[in-house]
Amino acid sequence: MPPILHYATLLSALGLSVVHAMDNGLAITPQMGWNTWNHFGCGISQDIVVDAAKALVANNLTQFGYEYVLMDDCWHADSRDPDTGAPRADPTKFPDGIKGVADQIHALGLKFGIYSDAGMYTCGGKFGSLGFEEIDAKTYAEWEIDYLKYDNCFNEGRSGTPKISFDRYANMSNALNATGRPILFSLCNWGEDGPWNFAPTIANSWRISGDIMDSFDRFDERCPCTSVIDCTYAGFHCAMTRIIDFAAPVLQKARKGAWNDLDIMEVGQGGMNFDEYVTHFTFWSMLKSPLILGMDLTNMSNETLSIITNDAVIALNQDDAGSPANRMWKRDVSDGGNLQLWQGSLVNNTFVIALLNTSPKEQTVEVDFYDAFFDQGKAYQQMSWQLSDLWQKDSQGKWGKNIGTFQGSMKVTIGT
Amino acid sequence: MPPILHYATLLSALGLSVVHAMDNGLAITPQMGWNTWNHFGCGISQDIVVDAAKALVANNLTQFGYEYVLMDDCWHADSRDPDTGAPRADPTKFPDGIKGVADQIHALGLKFGIYSDAGMYTCGGKFGSLGFEEIDAKTYAEWEIDYLKYDNCFNEGRSGTPKISFDRYANMSNALNATGRPILFSLCNWGEDGPWNFAPTIANSWRISGDIMDSFDRFDERCPCTSVIDCTYAGFHCAMTRIIDFAAPVLQKARKGAWNDLDIMEVGQGGMNFDEYVTHFTFWSMLKSPLILGMDLTNMSNETLSIITNDAVIALNQDDAGSPANRMWKRDVSDGGNLQLWQGSLVNNTFVIALLNTSPKEQTVEVDFYDAFFDQGKAYQQMSWQLSDLWQKDSQGKWGKNIGTFQGSMKVTIGT
Amino acid sequence: MPPILHYATLLSALGLSVVHAMDNGLAITPQMGWNTWNHFGCGISQDIVVDAAKALVANNLTQFGYEYVLMDDCWHADSRDPDTGAPRADPTKFPDGIKGVADQIHALGLKFGIYSDAGMYTCGGKFGSLGFEEIDAKTYAEWEIDYLKYDNCFNEGRSGTPKISFDRYANMSNALNATGRPILFSLCNWGEDGPWNFAPTIANSWRISGDIMDSFDRFDERCPCTSVIDCTYAGFHCAMTRIIDFAAPVLQKARKGAWNDLDIMEVGQGGMNFDEYVTHFTFWSMLKSPLILGMDLTNMSNETLSIITNDAVIALNQDDAGSPANRMWKRDVSDGGNLQLWQGSLVNNTFVIALLNTSPKEQTVEVDFYDAFFDQGKAYQQMSWQLSDLWQKDSQGKWGKNIGTFQGSMKVTIGT
Amino acid sequence: MPPILHYATLLSALGLSVVHAMDNGLAITPQMGWNTWNHFGCGISQDIVVDAAKALVANNLTQFGYEYVLMDDCWHADSRDPDTGAPRADPTKFPDGIKGVADQIHALGLKFGIYSDAGMYTCGGKFGSLGFEEIDAKTYAEWEIDYLKYDNCFNEGRSGTPKISFDRYANMSNALNATGRPILFSLCNWGEDGPWNFAPTIANSWRISGDIMDSFDRFDERCPCTSVIDCTYAGFHCAMTRIIDFAAPVLQKARKGAWNDLDIMEVGQGGMNFDEYVTHFTFWSMLKSPLILGMDLTNMSNETLSIITNDAVIALNQDDAGSPANRMWKRDVSDGGNLQLWQGSLVNNTFVIALLNTSPKEQTVEVDFYDAFFDQGKAYQQMSWQLSDLWQKDSQGKWGKNIGTFQGSMKVTIGT
């Protein structure tokens, strides 16, 4: 059920955006990197983290913008330091300590992230940071951490209004800023209380839903909400295209330095086919999600590598306009599932459109430029457009093949 | 998809209403004027504002009741005055300062409005008023401002219960009252937490939904709620007839000095046809929304001018009874869309009824006076009524042509 | 669309209930009386109130249990006493003052109620009691008031969680108790924040929905919620059978001294026919709503009088078990509307069942005693039952005619 | 409408879980025992409680794990001790006092539980513990109580956000911990404000819904919510399979020492047939609910005894992995009702699957192992599995008969 994607290059200027977000100057474009969770879960160690960092470099991923190595849950010792209350790493799994790992990551030219939780315990049952924000932020800075993913388990009921959630997360945001070290703050409260509304001034990104599942569209009861705007139980096991559905209404709340996080990608994990992972990567890019890889970097297929290194698609994500694509329509298909038209604005007079087919059959659709350029108005709707397919290479081997000029509409056939 | 509208003039007395609203004596009838946002967005300047004011006068719009010139977002300097914390205008775009612009507006016999936001930043990313209510209100009064539109972006999570929202907006309401200058307070929190319930004592009007889009009825995912009474994400890009749907249940919360604001009108902006704009203007009038123009006043068509100067329709809005029309029924049409019957009570024994057709085809409907006068009871249902069509002119060239007398029911054909 | 009602008299004992409600010893059974609002609205005066009281006596309604004369909104002077802050009546409309009216009501052997609002203004725009609870309660006690209806308009955003609403209403409850005079406290917040959960310890009754409309089943957009358990905008103009739907899930929260209030009755007001008013009165009785009349007592038809004086039906309401009837099933009818089976437990081994038909056609239904006695179990389901029709008179002219004995099921035909 | 249940024994290792719950070391597996409420309601006494305890022993139920005897509501005297404020038992019904009953229970080798309410009154109208948490916990410890069920009636509006509910229940949790006596804390707020989110650190279990009704699937209006994740009125009379529906999305919030409580079981109460009770018991086990019996222990049928002593099914509940089963799919059936596939992970490389049929007819379904092992991935989906039917006995008379080996899928016929 893959989409066909097209670029449209033409005359149009976009306005400038100014950063009004958390005051750390980070994530002016969505952050890119790798995280331990999707592949390794709680079974992490110093070797796993450092080996992944080395593989990131060895695969030349840094040249595509991937720079953060993120160590998720379960790095912790059984308890905090009994004297100081400071966090400690598991001494067996991390013999060099977190600072030692950070040094090795930094020596590779990469940045290093850590994980904690705005609650009594982390989701994996380790000590949380609720009530320990200052000493934790201070310790992270001493360890030369560059990034904090901050989760929501065991939060002692401190949710229910945007104010309650804001206050809980602002405590850590302020503590991080107070360290003087720029630490990217990745808020992860699964969309509770609407972080797209309350978080832009205190975080560089915020998760919008329950955790992703490595599936194109399977419904799973553990991800029960039908929308994120009034979801009181985010759950987990959310299929990839369900997260796209979740994102649709809130995308426009993103801005430079403050992004909607659609969760770590599943590309290369095995639960979807090649075309589905192409769709996954394209939409995460177009919708301005952080691009965080989740597969085993030390054991990647060439197919996987080809997807995550499509620099034309990455450019959609890192485009300086910082403008997420919008869903222009979503239409049920009689075969089941639906078709969707998405469009996004880019700098330098370019736009991107994408069609998504979640039905079980191939679909042919006539894309009316009235819909594609509804936001831009008549002049754009009537122009002729040169189309570039971002998933084909041109004669010089660069992603983005010119496939002709279209006016008024274009006919597209989308596989399954 | 335009409606046909009819007036019914006959015998009936309405009770008196008393003002119980924000204590500034303003907006006894819904405010009328013009706002920069819909046409100019963030690209405003002193010249744009003053030229619009001159055009308002030159087009004789003042004689129809339009009196406020409203300068929306992006008038701001990069920062507040570092010494006093007072707000400052962009010195390049507003060389005479806001006070200078106000003087020019006042010299034209008009009133002048400004914009700010009950948050850390405005929606356009300028400095907001949260925590600066007193100095901002004081400065506005010194600048001789007559009107404040007060927005909701970047509000630091201060929403989620009516109490939290009330407190945040009451801070500015009290600050405005404390200046001693009557400043119309136009609350704009997009309907969050039910301003129709909490705002009548602290504001002269309140927005009920996400921002309007210049479209008759297109569904747009960025305006995701299906109702405003439990909407937690108002969004924007709300089509004109969707806002009418949104307004239907809450209309009766309006009263003299305290109005539901259906947003700046799109009449003359180009996204709807003549009949659709006639519908737009008629419903904004009947439903007692503030009548705030949004097109480029310096470049209006005669068609546009003819709509916004229909004094018989404006009289519906400014009628002394202050009673918004009610939707008596809404019926799905097999062609798609629906038909709606609206009725409103006016002073001097008159009523207004209107039919709205959102289906793609012409519809003929028999309006039963049992429905039209359900609220008034049997005597009114059985009376004979003289009908006056407000969008035709009589023999003397005045809007409102007598089109006959009807009893029990009347048959109406409504175009598309 | 009237129901047919049947009594079943047989062997069964019910447990005792104990009062755990507001600590004033009142409303051990639902209160009965008359209120000015439905017929007179804001147009009340001393004469209207006293004349109604006299008519209540003259029509012998006191012998059926009607004892409260309730003066609703708009008795107020323009302002409180400027020196003491105490409430004052309109001196023109109430020349003898409220105390004078109370004396006249008491002299007739009746009890007297007043109205105020837990907000800045009453719904009719008079001064409210928010922040004046103590002086108001004290003044009411000095006036020898016996009953307070306490409304919810202009509440300054003080709603949104049960805690916020509880605190606001508890202020008046405590103030009333502190006077030492037993004053029945009739909470009227239209069901916001679930008074069936938070109010039983602070009030004798609580409204569950927006105001009633004198219609059997007309849908009105001004009463927009589909359920009261998560309604954030109660509105008004709620048809009679919609209020029955609203009540169904929350009925069991009632107990002695603490009742669900389905609003003032519309019986005799003219918007429904005889059978519909019979249904209205029967359900208000069975569902243990306060029985508050709302028509013009000085100008009642014999039909109206015959409904409100059916002592067998009133006995359902005042039954010592204090147990509201339950809806055992609700089934859509292909003609539109639905059929409903209700059953209630009474003292002395008796039960009541009622069928409600909201479809436009006569319906015949076989009532299975498995359903009627689902709560009581197999023994009751299999017993034979003597049926008594409460809307027919027996040979001695008493309401309740024996119509035979049934076992297992009974066939009923219900008119429209 | 009974399910057929199958065990699959094969190669698979599960990770270890660590306890992160209320700090009392209890309920590492779900608690098992008996409660007075479902059979005796408010009509309890010392004899009833002690006789039940003796019957528990006499029926050898202790060897299956049942160890708690739980005395629910209505053990109370009319009032607290007027001097000390301490709780007191009804001296007539409990002549030996609660401590005396506890001694007798303990002498039988059992543990003893009591009931109170986080409100002004208990649901049965006795004195509640709100504001009396410390003296009540202290008294319970003095009485040598081992378990507290803590209800939610008359809570003075102290709900509406997770924070408000957490604080109210944490008061008792902290008071119990402060006694030094390990007392299992069974939170019963009917799922309000999401205890699966806020309660794991303060309680050993939490109810998720309104009270159970002794029915397989009858819809009852008194249990009105369609989901527990946004239910504001839990009600009661919830049919058994509706509670299974309610549990589905929140099951994964359970962990060792902190369980979702699906309510006291109705097995043996008479409202369902044998197969339905088998389903009931199996699902309560698989879903890791506390297994609390509710029938009259002194008068049990052999059928009932055979259900509650199926040690293979109990082992699902007490399995050391502590992992609730998940619903893999739920499919509507054209005959009405639906079919459901459930799967759970156990220790020692075993899994459990169960099919549930709520339709009125026998259904045959092909279970695809892709679905059954979706969470485990391809290797498990393709393995061959040895199946053991937990409701048949093997040749040695032990529950769990080997019924063959299956690969890829298996066909199952499920009765009604």
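Observations, loosely collected:
All chains are identified by letter, namely A, B, C and D, in their written order; residue positions are counted from 1 within each chain.
Here is the rule we go by: a contact is a pair of C-beta atoms (placed from the backbone, for glycine too) under 8 Å apart; a residue touches a chain by one contact, two chains touch by 3 or more.
Since this is a predicted model, take the numbers as computed values, not measurements.
Averaging C-alpha coordinates per chain and comparing to chain D, the farthest chain turns out to be B.
These two copies of the sequence, chain C and chain D, are related by a rotation of 90 degrees on CA atoms, to the nearest 5.
Here chain A and chain D face each other with different sets of residues for the most part; under half of the interface numbers are shared between them. Chain A and chain B have centres, each the mean of its CA atoms, that are 39 Å apart. Taking each chain's centre as the average of its CA atoms, chain A and chain C sit 55 Å apart.
Taken residue by residue, chain C touches two or more other chains at 160-161, 164, 230, whereas all remaining positions touch fewer. Taken as a graph of touching chains, this assembly forms a single closed ring in which every chain touches exactly two others.
Every residue of chain D that touches chain C in the complex is listed here, in rising order: 42, 120-121, 125, 154-161, 164, 218, 221-222, 224-225, 230, 232-233, 235-236, 270. Put simply, chain C touches chain D in their complex at residues 15, 17-18, 20, 160-167, 170, 193-194, 196-198, 200-201, 227, 229-230, 248-250, 252, 255, 326-327, 330, 374, 377-378.
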